[in-house]
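Sharing a structure, written as C-alpha cells. Questions coming.
All chains are identified by letter, namely A, B, C and D, in their written order; residue positions are counted from 1 within each chain.
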Amino acid sequence: MPGKVFAVVVVIITLAIGYCVVAHVWWMPVDISVHGPNIDHQIEETVFGAGILFIAGQLVLAAFSFLYGDSKGARKMKSFPGGAKPLIIFAFVVVGIEILVLSFVGSKAWGSVYFTPPDPNSVRVDVQAGQFAFYFRYPGSDGKFGPLHPELINEGSQNFFGLDTDHDADSKDDIVTAELAIPVNKPVLLTLHSKDMGHSFDVRELRVQQDFVPGIVIPIHFTATQTGKFEIVCTQLCGLGHYNMKAYLEVMSQPDFDNWVKQQAAMQ
Amino acid sequence: MSQSELTMSTGHEVLMESSPYGMEKKKLGMWIFIVSDACTFATFLFGYGYMRVGSQNWGTPFEFSSILNGIIMTFVLLSSSLSMLAAVRATQAGQKASANKWLGLTMLLGTVFAILHLREWFKMIGEGWRLFYNPLGGAAQFGACFFSVTGLHLTHVISGVIALAFIARGYNQGRYDSSHVETAGLYWHFVDLVWMFVFPLMYLMNAAR
Amino acid sequence: MHDMTAHAAAHHAPPQGFIRKYVFSVDHKVIGIQYTALGLVSAFIGMALSWAMRIHLAWPTASIPFLGTLSPNGAPGGVPTPEYYLSLMTMHGTIMAFFLLTAAPMAGFGNFMLPIHVGAADMAFPRLNMASFWVTFVGFVLACATFFIPDGPPLSGWTAYAPLSAVGAVAGPGQGWGQNLWGLSIALFCVASLLGALNFIVTTIDLRTKGMTLSRLPLATWAWFINAWVSLLAFAVLLPTCLLLVLDRLGGTSFFIPGGLVINDKMLPHSGGSPLLFQHLFWFFGHPEVYIIILPAFGIVAHVMPTFTRKPLVGGWKVITYAMAAIGGLSFVVWGHHMFVSGMSPYMAMVFSVPTLIITIPSVIAVLVFAFSLYGANMRFTTPMLFCLGFISLFISGGIGGFFLAQPAVDSYLHATSFVVGHFHFTMGLSAVFAAFAGFYYWFPKMWGRMMNETLGKIHFWLSFVLVYCVFMTLHLMGLTGSVRRYSQFVADFMVPLTPTNRFITIAALLLGATQFIFFYNVIWSRFKGPKAADNPWQATTLEWDTTSPPPFDNFGGRQMTVYHGPMEYDGDAFVMQTSTEKSIAGT
Amino acid sequence: MSSNQELSMGSYAGIVIGLMIIVGIEVVLTYQHLSVRTLLFALLCLASLEAFVGVMYLMHVKYENRLLFWTIFPATLFVLVLLNYLWPDAYRMARMSLGR
C-alpha cells in the first residue's frame, strides 16, 4: 500500500512540475538581444533533454515502488536482468550524448557572447557600480573617456567616477548619467568596473549577466533589437542595499538616442 | 583507549586485517596529515604566485646578505634533518643516551633556524617592511606574501621543536618508543622539505640581481 | 552475545565520572552522539533563521516574534532591516552547510558507526577525535556568538566573497567583529574537519577486523572513507583561505582587496589584491564541499536500502563505490562553474563546464543503481525506507538542475536566481537531510537502544516530502523568471508580481518547518519512552547489528569479530550476518 | 615496525650534503642573469628534485610499501596541478587592471 501511495504522489508531483514547465507558468521574458536566441535555444534544449531524464527517472521510481512496494513475503525476489551493465551503458551513452550535444551547442552560445571581439564601431559606455547604484559614462563629443582618479570620488559633489575635469582634457565632455540609454540594433560595448564591492550587471531581457570585479575592468558587448525600458539589477551580494540596487536600461531609436545624449550633455 | 591498548589489556590478540600500507596507524596518520599540510602550504605559495603575477611593480629587495642568511638557515635545517635521522636510528637501536644527544641537537638546530629567521624578520621590520607596506615603493604585497608564507613555515618549525621536546620527554620516561620518534621525524623532514620550496621561491626569486 | 568476560571488563572499564563519560569523552560513540546533537541544534537554529527570512520575504512589514528581542537594532519591532535579513541568510547558510550538513552525516553517524562497521573498538586516534569535536563546538559557539555582539552577524553570505568580507566594518553592519568571528569559526571548523578526516582514513585502513576486506566494507563506510579523502584535500585549501581572509581583515594585508576602493567617499588603504583569488580558493573548497555533504548521503542510502528491499544493490558494492569515488575525484575539477559570470576568464568557463557535465555520469549511475535495486524487491516500508525513496526522488529532481547550471550560456541567465537556490537545496540540502533522516531512523535503535515511533515517522516523511517539493520546486520555477536571490525585499519591478508565489513558498516552508517538530517530538519521546530495541530490529547484516543496542563501551564486549561475508547478504526474509559462518546467499 | 635500515648514516649524510649542493646550485643560478621565467622553472625543478629525494630517502618512502608512494604523490599532485587553474585569472588581473 505505501508503495502505491508513494508512486501516485511522485507521479502527481512529476505531472505538476511538467505542466508548469510546458505551460510556461513561470518563464523567461521575451529576449531583446542578438545573441539571446542562442541562449534561449540552449535553455529550451536543456529543458527538453533534462526534462525527459527527469520524467523518466521519477516514473521508473514510481513504477518500481508501485510494483514491488508491498512485502507480501511470498513473492520470489528478482534481480534486475543484466545487472548493472545496462545501467552503466545507459548512463555513458545517453547522458554522454546529451553532454556532448549540450557542450557543443552551449559553447556556441557562450562563444557568441564572450569569444567574439567587440565591433570596433560599438557605442561605448563606461559603467561604474558602487554601493548601491550604477552610474554610466558616455565619452562625449571627443569620443574619449578621461582617466579615473578613485581618490576624487565624491558623491556629495556628484563626482561618481572620480573625474578630474579641471586637469584632464578628455574628461571635460564626459557625460555621466544614472540611466543607461543605448541605440537599438547597434553594437554596444560596456566596460564594467566597480568602486567598492563585487556587483553584477544583469538585464534579464538582454540575457546578459556579468559581475563587476573590483580592481579590474571587464568588457561586455551586445546588441539590443527592441526599443523599450528594462530593468538593470545587481545580482552579486554587495551589502545592505543589495536588494534595492537597480537602474534602467532604455533602448532607443538612433535619433532618440542622439537627442538623449545631447540633452544629457546639456545637463552636465 | 586504542585498539592496541585493548589488545594488550584483554590479554588475547584481537585478530585484524593487515594494513595494506603495512605501517602502524600513527605513522599512516602522520603521512595523511603531511598530504593535507602540503596542500595548505601550496595554497599559500600559489596565492603568492598569483599576487606576484598580478602586481605591476614587484620588487626584488633581497641583498646578498639576506640570501646568505637564507643559505645558512637552509643548511641548519638540512643538518637538523640529518640529526633527526640519527636520533631515530639511535632510538631504534635502543641507545637512549645517543638518542637524547641527537634529539637535543635537532631541537637546537631548529631553534637556531627560528632565531636566524626571526633576526631576518626583525631586520626587515626595522627597515620598514610591514604586511601592508613596502618601504622600497614596490608592490605592498611583498611584505604580505613574505611574512605570511615564512610565518606559516616558522610556526611549523617552532611547533616541531615543541613537539620534539614532548616526544623526548615521553621517550625518556618510557611512555614513548622509537615509533613515536620516527613519526615526529617524518613531520620534521616534511617541514624541512617545505623550506626547499619556500627558500627558492621567497628568497632566491626575490634576490636583487 | 553477552559473553563479556569479567577479565575483559575489569581491564577496560569505561570511564566513570560524568565529565569523562559524557562531556570530554574519547569514546567514539559518545562523540558521534555529540556531533549528531550538534547537528540537531544547528538544524533547529538554521530552520528558525530560514523562517524569519521567508516571513520577511512574503510579508516585508510583518513583525517576527522573538527577532526584536534577539536584536533590537537588527530587527526593530521584529521587522528585520535589509542588512539583518542578509545576516540571517549568512548564518542560515553557514550553520546549515557547515555545522549540520558537513558535521552530522559524516562526523555524527560516521563517528558512531564507522569503528563498529569495521569491527574496531574505537577510532584510530580517540583523543584526536575528541579534539575535533570540541574544536568544532568552539567554532559553532563563535558562529552563534555573532548574534549577540553589538553589530550582529556578518552579512556577506556563507561564501563570504571578498572584498565585502575583507575590508572590515566600513562594508556594513556585521562586517566588523561579526565577520572576524565568522572567519575564526570557519578556520576552526577546517582544523576539526581535517583531524576528523585523518582519523576516518586511518581507522578504515588500519583497524579492520579479521576478514573485513575492502570488498566487505559496508557501503556507508566506503562513502565515509572516500569522503574523508575529499575533506582532507578540500579543507586543506579552505584553511589557508580563511587565514588569508583574517590576515586581510586584522593584519592589513591585501590578498583579496584591490587598490582604489572607495567606500563613503573614502579610499581604503589597500592595494593590489584580487577578489577573484578568493572566489577561486573558496570554490576550490566549496565545490568538493557540496559532495562532502552528499557522498555520506549516498553511503547511508546504499547502506540502509538493501536492508528494506531485502536484496543487494544492483552491481554489488563495486558499481556504487566506483561511482562515489569518481564523484569524489571529479568534484575537484569543476569548481569554476560557480564563477561563470564572476569575471573569470571566459575560456576557463569551458574548461570547467565540461567536467561539470561529465560528473553527471557517475551521479546518474549512482541514482540508477538505487532506483533499479528496487526492481523485483520485496520492500518493507519502514520510515527509513521511505526516506531513502524520498532521497532518490529529490536527488533526481535536484540533479536535473545541474544540467542547466553546468552550462555557462544557460548559467549566464540563471546565475544568482532562485533557480540556484532551489537547485542546491534539493541536491546538497534536502537530499542530504533526507538521507540523514533515513540514517537517523535506521540507527536510532542502535544509538539509544529504543525504537522510534513508526507512525509519527511516516507522518513526518509524507508531509516533508510533499512540502519540500512545494518549497524548492517552486523556487526553481520562479527562478526561470529571473527572480534574484539574496534580496531582502522584492522591489525590482519584475519581481513584484512574484509576491503571491513567494507567499505560497513561505507558507509551505513554515509548514515544512512545523513538520520537523513531529520529528523532534518523536526523537525525545522515543529516547525515553520508546519500546526497547532488539539487537537487530531490522534484520540487517552489518556488524553494528551484531552487538547490543546500544553497544557496550568496547563495542563488542571483548569478542573477536571475524567477518565472512559482504554487507548485502539479503534474499527476502533470509539474510546472512557478516560474521555468520553460514553459506553466502546473495553472491556478493 | 620500521626496521628499514637500508641506508647507513654515511649515506644519509651523503644525501643531505647532496641536497645542500643543490641549494648551492640554486643560489648560483640566481645570479646568472637568467630571465625570471627560466629562473623560476629551474628553481622549481631543483626544488622538486630535492623534495622527491627527501621524501623517498629521508622520509623512507622508497623502503615503505609501494602503496604509500601511490597514495601521497597522486593526492598531493592532484591539488597542486588543479591550483594551476588560477593562472589565467592572475594574468587577467595584470592585464585588465583598472587604470591601465
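One rule holds for everything that comes next: a contact is a pair of C-beta atoms (placed from the backbone, for glycine too) under 8 Å apart; a residue touches a chain by one contact, two chains touch by 3 or more.
Computed from a prediction, not measured in an experiment: that's the story for all the values here.
Asker: Higher C-beta contact count, A-C or B-D?
Answerer: A-C
Asker: Using the average of all C-alpha atoms in each chain as its centre, how far is it in Å between subunit A and subunit C?
Answerer: Centre-to-centre distance between subunit A and subunit C: 29 Å.
Asker: What is the distance in Å between the mean C-alpha positions of subunit B and subunit D?
Answerer: 15
Asker: Rounded to a whole Å, what is the gap between the Cα centroids of subunit C and subunit D?
Answerer: Centre-to-centre distance between subunit C and subunit D: 36 Å.
Asker: Need the CA-centroid distance for the pair subunit A / subunit B, whole Å please.
Answerer: 48
Asker: Can you pull out the residues of subunit B that are in contact with at least two other chains?
Answerer: 20-21, 24, 35, 39, 43, 50, 54-55
Asker: Specify, in ascending order, the residues of subunit D that touch 2 or more different other chains.
Answerer: Residue numbers touching two or more other chains: 75, 79, 83, 86, 89-90, 92-93, 97-99.
Asker: Hey, what residues on subunit C touch two or more of the other chains?
Answerer: Within subunit C, the residues that touch at least two other chains are 232-233, 236-237, 258, 260, 273-274, 276-277, 347.
Asker: Strictly by the criterion at the top, what is the full list of touching chain pairs?
Answerer: Result of the pairwise touch check is A-C, A-D, B-C, B-D, C-D.
Asker: Where on subunit D is subunit A touching in the complex?
Answerer: Checking each residue of subunit D against subunit A gives 92-93, 96-100.
Asker: Would you pull the subunit D residues touching subunit C in the complex into a rising list?
Answerer: 75, 78-79, 82-83, 85-86, 88-90, 92-93, 97-99
Asker: Subunit D touches which residues of subunit A in the complex?
Answerer: Listed in rising order, the residues of subunit A that touch subunit D are 147-148, 150, 193, 215-218.
Asker: For the complex, give me every residue of subunit C touching subunit B.
Answerer: 7-8, 11-12, 26, 120-122, 124-126, 194, 197-199, 201-203, 205-213, 232-233, 235-237, 239-241, 243-244, 247, 251-255, 269-274, 277, 281, 554, 558, 560, 562
Asker: Sort out for me which residues of subunit D touch subunit B in the complex.
Answerer: Going through subunit D, the ones touching subunit B are 1-3, 5, 9, 12-13, 16, 19-20, 23-24, 26-27, 29-31, 33, 36, 39-40, 43-44, 46-47, 50-51, 54-55, 58-59, 64-65, 67-68, 71-72, 75-76, 79-80, 83, 86-87, 89-91, 93-94, 97.
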